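Remarks on the structure that follows.
Each chain gets a letter, A, B, C and D, in the order it is written, and its residues are counted from 1.
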């Protein structure tokens, strides 16, 4: 069984190639498309108190699920076009985050690290 | 070796729990934070012609890599808090997309399916 | 005394011309820059309960004020480059909105008109 | 004749009050809604080369015009709810921008001031 991010990357590359869409998939265009998909996700939450499950009905749950998928697809496509291994990049960034937000210092506090 | 998305999900859940951040991580707040990270990614491309590799220097490449990681982290966290399996959701959405954008109809054309 | 939107439009056009920035100010680039500024505004609110004044300190108030200005500047610049009179466009859109959201039907309800 | 920003502010306040929508119009929610409207604007440009007028048809021109209006409406509403005079805030910010981007230093160069 393939790794999930690798599987999605390969499927999207094939999908775009079959449709001759590579010409449109510049990093700049993909970043814009990604931001549009994120906004469609944000739209589901904008008038809700917290977005917790009990605030949602089935239509909204399905919409959120699909928008989450759309966001991941554009993100994986942009990373692919930028030569970035997303899993490795996350592991690298989490080391930096652990240094920026030491447990003993930030426990229960959501202020940005730069505020410290 | 663990699946990449499962691995990231587990690491982020532990990271938030250690810092007692679950209280801030409502779906609504995570969706907002996700949109902020995507904009930090978009910012790298806003004045570039296409964002292709030859338009970037090493600092910009590293910045893009880190922002891609930040976006994925908030996305995985939001999916986790929403009970959504991202890999399954993508596979499901790709079936719908294949129906909306039939190869013979959209080849080389980036208009939205709704324009057809 | 000049109209506020006209005054801002004229000042920004002069500012860009003095710096020879018109070449970068395509509608596409300005729309991206606008989205980045909006995210910097959103960032101020992402971990706050509602963003009401009592949740803010002076630094945050000043930051919000500056980001609101940045958003308006890119919006006015994009409208200018697109030949759109913003005041007229708003009056036009408000007529449509009044039809979409009749008072007696939507009072106290924030669902999107399409949900009705 | 009223100033454009003041006129829009007053019309929107009346529109919301008639519909009892003030309860939903927290700064946090309005900032989210603003970001969603900006993305609907960005969507028009995402696959276009520059968004210049000759790349648009009449439907797209009308769509852009309406989205520009939507963005301004949420921006004015958020400023109103935050007690910010947008015109004054822009004048204030433009003084800071003139210091950050001196004409002789940035002419024809779009890099961020922080890159200097």
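The working rule: contacts are C-beta pairs under 8 Å (C-beta built on N, C-alpha and C of every residue); 3 or more make two chains touch, one makes a residue touch a chain.
Protein identities per chain, from UniProt: A, B, C, D = NTP pyrophosphatase, house-cleaning of non-canonical NTPs.
The shown structure was predicted, so the numbers you read here are calculated from the model rather than taken from an experiment.
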Option reproducing the contacts of C-D, where over half of them reappear, out of B-D, A-B or B-C: A-B
Distance from the mean Cα position of chain C to that of chain A, given in whole angstrom: 25
Where chain A and chain B are represented by their mean Cα positions, the distance between them in whole Å: 2
Overlap residues in chain B, where contacts from two or more other chains coincide: 24, 29, 32, 35, 38-39, 42, 45, 47, 110
Touch-based graph of the chains, sorted into line, ring, star, complete or other: complete
Residues of chain A defined as touching chain D within the complex: 24, 29, 32-33, 35-36, 38-40, 42-43, 45-47
Residue numbers on chain A that touch chain B, as the complex places them: 3-8, 11-12, 15, 18-21, 23-24, 26-29, 31-32, 34-35, 38-39, 41-42, 44-45, 48-53, 64-66, 68-73, 75, 78-79, 82-84, 86-87, 89-90, 92-94, 96-98, 101, 103, 106-108, 110
Chain D partner contacts - residues on chain B that touch it in the complex: 32, 35, 47, 110-111
